[in-house]
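In the two assemblies presented below, chain A is common to both, partnered first by chain B and then by chain C.
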Partner chain A sequence: MTATTVETRRFAAAAPALRLLLARFPLLVFALLFVYMALGSEFFLEWRNISSILRQSAPDAILAAGLAVVVTAGGDDIVSGGIDISLPAAATLGVGILSDQLVNGRPFVLAMLLAAAAVVAVGLLNAVLVVKVGLTPLLATLASWVAVIGTTKWVINNRRITVDHQFISNVRDGTVLNVPIPAVFALAVLIVFSFWIHRTRFGHRLQASGGNRSAAEISGLNPDYFLARSFVMASLAAVVATLVLTARSSGLSPGIEERLLLDMVLATFVGAAFSFRRVVTVPGAMLGAVLVKALGSGFQLLNVDIFKVGMVKGVLILIVVASAALEAGQRR
Partner chain B sequence: MKATSLLEGAGSALEMETVSKTFPGVRALDRANLSVSRGEVHGLVGENGAGKSTIIKILAGVYRADAGKVNVDGAPLEKIDPASVHRLGVRFIHQEISLVPHFSVAESVFLGQEQTGKFGTAKRLMRQRAEAFLTETLGVELDGRALVRDLSVAERKLVQIARALIDGQAKLVVFDEPTAVLAAAEVQTLFAAIDALRQAGKSMLYVSHYLNEIHQICDRVTVFRNGTDVGVMNLRQSQEPQVGVPEIIRLMVGRDIDDLYPQRQHTKRKQKALEVTDLDDGQRLRGVSLTVGAGEVVGLTGIIGSGRAELVDSLYGLRKIRSGQILVNEEPAKANSPARAVRSGLALVPRDRRNDGLVLDMTVADNVNLATLEEVSTLGWLNRAAASRRGDESMERLDVRPRGSQAVSRLLSGGNQQKVVLGRWLASQARVYVLDDPTVGVDVGARSEIYRLIADLAQAGAGVLMCSNDPAELLGMCDRILVIVRGRIIADIVAAETDLEQLTALATGGAEAT
Partner chain C sequence: MTSTPPSSADTPTAVTTRSGWGRRLVDSLSRYGFVIVFFAFVVFFAVRADAFLNPSNLVNILEGNAVLLIAALAMTLVVASGGIDLSIGIAIDFGGWFAIIAMRDYNLTWASALLVGLLAGAAVGTLNAALVVRLKISPFLATLGTFFIGSSVQQIYTSGGGQVPFREMSESFRSLSTGAVLGIPTEIVLAGTVGLLYFVLLERSVHGKRIHAIGLQRSVASVSGIRVSGYLVFVFIFASATVALSGIILTAGLRQFTPLSGFSYLLDSIAAVFIGASMHPQRRPNVAGTLVGVLFLGVVSNGLNLMGLDFNLRDALEGIILVGALALAFTNRNNRAAEVSI
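== the complex of A and B ==
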């Protein structure tokens, strides 16, 4: 009896130190890298660079916020849990419609409403496919990705559309108190979604649905309801992303959705490593998007070979998610 | 501990009268009665299949009774569904703890009943209320901000209880095997909480296999056997002599061993087929050692939470072990995956054969050959004719009905599915068989055939570890019987020298091993 007790204690004592190291490791790596970049290039910490990073990362951050909601409601298992890979496609469809309508002289408000309706329709479609039809989210949103991209190409004949519209240029170039307007939109999404998910009764239940489905059910909740709502909420984020994306590229350049997809998924799960509880959260996902973009910018300033940047970025992201997984393993 | 007058004068918190329930082919409840007085802790015991969980599920509104009356707090319940039972103040503490790992204690307690303030959820208020409830009502200090995943199992159990009771409306609390998930030392933490609830005047129904716990915590106990109540005993009345565990066991068991078991010649050989030394998984298993000789049938029994399931999983490589050794045929076996376990000469018939044992959409012949495909294939090509022939041979030998090795396994009955799984391993010529509940859900006719198969295996020199919670079956089939309680083998007895009551007493913690 005593022998086993002692042994168990030793295991228990060894674990927290290792866990703490694993938990702080990604933070440490990123901090060291940013110090290195700041030392290597004075420009890195200048507001001009930081605001450019914020401007560039705004669409990814907004989409990541939407994805974070779906992951929170469906669980963080990427195959059987909640995932919505169709978000960038939905936003691209929105960009296509908005650009097309504006070029054809439609008033901005009407054009934006049309685009928003199309984007939210994708969210509703996902909700129906997952909750009513019973497809896994990965499969359902993969299918809608293909369908939505197809629709976009059909609507705009797969061409580049350049928009010359005063409001769009203002969003692209304007600032509020020195903060670029796309970042202001991202900030608004951050505030609204964070409150919605992390501070309301609805959000609390949505988190429970994804955290442990049977716990939610035993508490009298219907997890499917929250999962369905999460797809629609995510599509609202995609509506905001539509506007910011249209501004960023002054219209639509075909093929933007694929890079957006990768950065969105990466940012969301990298963000989990930076959250206090090591789970996907809205602020974590948005921070993840900014950090991933900052890495790219830093490497560029240090004149790292463009071909190596992708590799180094990949390795860093691997380190972050691997240490989070190892820490979770330690806990068990 | 409790004055009798309080129990009798206070009326009933729950009254279930002549409740019957029939499932296709099984009479699960036959005019069963169950009554819980206000303010008491009432135990409910019985062997597996006695009807305990059926009557609880009827109370919960999961099943509908065919006949009978249910009164909660003096009011008759007409239509029983989960919502109406909840409204009347009946709360269920399920055996499994379902909580969100990354939620805090306070968030878990208030899940589904969140408090809100001006700025969304009132986190501070919920934390204070949860902490106060845990301290005052359950008598435990827990930080409301601590995350569930960092809590011990006993603390999670208390959080689960707090969640069910935080609204203050609970009148009757039903505990279903609450200690099954706990380690021995943690049980007292839970009991302190139950005692605190008793002080607060809650009525409780406590369902458990652990008779010593029933004896320690309950005021009265109802014993179920074969779908009905066979006795209610007062465990606290000072006028009567203390009713002990032995009498509960006598009421629980009260039956004869049926005549299903084949005559066996005990041809124990010197060779050890399976030897396990100091197996420890760091969680449930605490230094388990056992041996099964060649030609020997050894029983393994242990109630829920005993570690029996974990031990079987470890043997088969489904569970990580931290230390200890497994020898198969006196050679070390690295049991870190089922594939390796099979290669080292182990054969397992899993307890949930529908999910673990068979590929239900394959034909019977394919299932029989699954573990031994090499033997019916040439250079990786499956020889269909040979496979089919082999399937037919097995079916013949096992008397699987309907005959026809091309039948799809899903369509067979439970007993016949079990025979197909056994048939697969007979084909493999393994030396050690680990059978996990081989006759659960199997009709009487098929049972005696399965017993005959097991006897044949031992006769042929294989070692058989037969895991079962049916003491009669173990007494009928085994040479020796091992009893596991809370992760330790506490008894290794010769079957011929023991009886139903002693075996039940050992497994339920109602007796110390001698």
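== the complex of A and C ==
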């Protein structure tokens, strides 16, 4: 304990250059890793690889954007603040319904509307459980996770559904100006959500009620209203993720939701390390999703054992988060 | 959705200042709303599934959820200290895995193997403690990191998740799961002992009071002279060693270790802890509440099973019942449930 205090003091006294280095440490770690990968494999920086990374990371990035909105509105205290762990489950339910309906010959627009309705219903359920019933977001979304996963299994009988549909294949393989279509969807979510949260009066109030609940209440805002809205906004992101996910795996593969959950949470909170104030933001969360995916792809190109990629991910979050915590500690 | 007036959201003191027996009755009814829902389910299953109330089935429920109870108790301790442990699955896996390796590859006795398993769990907890206390990472992210690392370690050394069988394990080790003490299945005895230990530690000792104090207001606890770092180190290590025991019981029952199998206990144990916390007057995680939470999950799962429903439909109903029961039990309560702060 005393060793840390001495160390922290030494850090505080250190030159501003060192402090800047520490503040930018998470980005630096990523940059160094990417340089290493680019040197190790010339394919890494080729557009074909980059566009494949963007294509693969789009669903995670879109879900992370949704989670970032809920965390912004509810506060970044994970146990009592805003969190929505049911997002991957909602998206998986959407994928199941969309795939099932398309296979049964339903027109795309109708199938997508059905899937969207189910996904938004999950968002509304979360909002009701948290604001009306009074459960903490973690407990409420945990319960709806269990319910939605179960419902998905029941609705689609827990089977793999392969979709062979022109529109879905177009989303999977198509590009706009050389940018893969899933990435275009992710970009659209980024622009809409960033504008919504950072450039509108509604967004500023939503940030205020998440930043300090009591202060927001005293200033006449109703934090519950913004929290409820954030769950619905997040479910809209899950609707977009539904389409992109269906394209990514050409239908539904049962059991994708657990991997999605971990990657979404990882991306969102690692993304906080990229923001100036070390808070969860929409762009940070989405950048986090892309960078984590890029690392996985880079290690694969370098022929690193696929089982070790999880280890690298774990160590990485810890480095990024620890440096953020260390920096926050010495700023105080 | 918007009709909730802001003032009603945060009135924790209102409950204590109210008077009149009618109000108090309503208060306690809503406080024990979940217990009432629980008993409604017991009655429902007793009527709909004849076998449900058989003593052997009730023992089945207890035995089948002993492992979850041990994991949920450990989670209760961590949440009481203001943290959360997403890596309990790793400690479950490591406990069983190392115990099997100790017996199979190093020919250790079953008692030493048990110790090795517990130490392996404690090692996971030590990593968590180091990350949280020394590096000041929030428990959620620290234990998420531990989860990724621990999963990866298992995949590397089991060639991607291959099972580690040990059919020839000694009967004494196996009896940790299949044996009985005075006619009571060992699993229940072990879970009961751990439960008693946790009850005394968390609810009846000064250390438990201090751990709750740390969970409520860490800075205040620190100012009032509680050795916060020391307690947090203890909490993470003790919790991980505890869940390692449930991993050991699992491998003893199956005579093999299945990598990454501990993850399935994570969400259930969090659910049990928060169900329990919501029944406490101050919404604190507590041992008795966790027990009720675990029993509820176990009863619902068992009852639906006995009704002979389709496997997939059962999963759906389990989830919907969880949401419905929580909603029913918590509606009409003014303050936000489960004010466990990290």
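What we mean here is this: the second predicted complex is superposed on the first by the 309 of 332 C-alpha atoms of A that agree within 3 Å, B and C clash if a C-alpha of one lies under 4 Å from a C-alpha of the other, contacts with A are read in each partner's own complex, and residues count from 1 in each chain.
Note that in this section contacts are C-beta pairs under 8 Å (C-beta built on N, C-alpha and C of every residue); 3 or more make two chains touch, one makes a residue touch a chain.
Everything numeric here is computed off the predicted structure, so don't read it as measured data.
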Next item on the list: Identify whether chain B and chain C fit side by side or clash on chain A in the overlaid structures.
Entry: clash
Next item on the list: Could you say whether A:Leu21 touches chain B, chain C, both of them, or neither, answering first, second, both or neither?
Entry: neither
Checklist line | Touching partner for A:Phe195 - first (chain B), second (chain C), both, neither | finding: first
Margin query: Touch test for A:Leu266: chain B only (first), chain C only (second), both, or neither?
Written below: second
Item checked: Touching partner for A:Ala322 - first (chain B), second (chain C), both, neither -> second
Note to self: Quick one: is A:Arg278 in contact with chain B, with chain C, with both, or with neither? Answer first, second, both or neither.
What the structure shows: first
Notebook entry, point to check: Does chain B (first) or chain C (second) touch A:Ser214, or do both, or does neither?
Noted result: both
Next item on the list: Between chain B and chain C, pick out the one touching the greater number of residues of chain A.
Entry: C
Check: Touching A:Thr151, do we find chain B (first), chain C (second), both, or neither?
Finding: second
Notebook entry, point to check: Of the partners chain B and chain C, which touch A:Ala121 in the superposed model: first, second, both, neither?
Noted result: neither
Next item on the list: Identify the overlap between the chain B-contacting and the chain C-contacting residues of chain A.
Entry: 4, 214, 221
Next item on the list: Could you pull out which chain A residues touch chain B in their complex?
Entry: 4, 8, 11, 195, 199-201, 203-205, 207-208, 211-212, 214-216, 218-221, 277-279, 331
Checklist line | Contacting residues of chain A [partner chain C, same complex] | finding: 1, 4, 77-80, 125, 127-129, 131-136, 138-140, 142-151, 153-155, 157-158, 214, 217, 221-225, 228, 258, 262, 265-266, 269, 305-315, 317-318, 321-322, 325-326, 329
Next item on the list: Over in the complex, which chain B residues touch chain A? Could you list them?
Entry: 94, 96, 98-103, 107-108, 111-114, 116, 119-121, 147, 149-150, 163, 280, 282, 286-287
Item checked: chain A-touching residues of chain C, taken from the complex the two chains share -> 1-2, 4, 6, 9-10, 79, 82, 84, 131, 134-138, 140-142, 144-153, 155-156, 160, 229, 263, 267, 270-271, 274-275, 278, 310-320, 322-323, 326-327, 330-331, 333-342
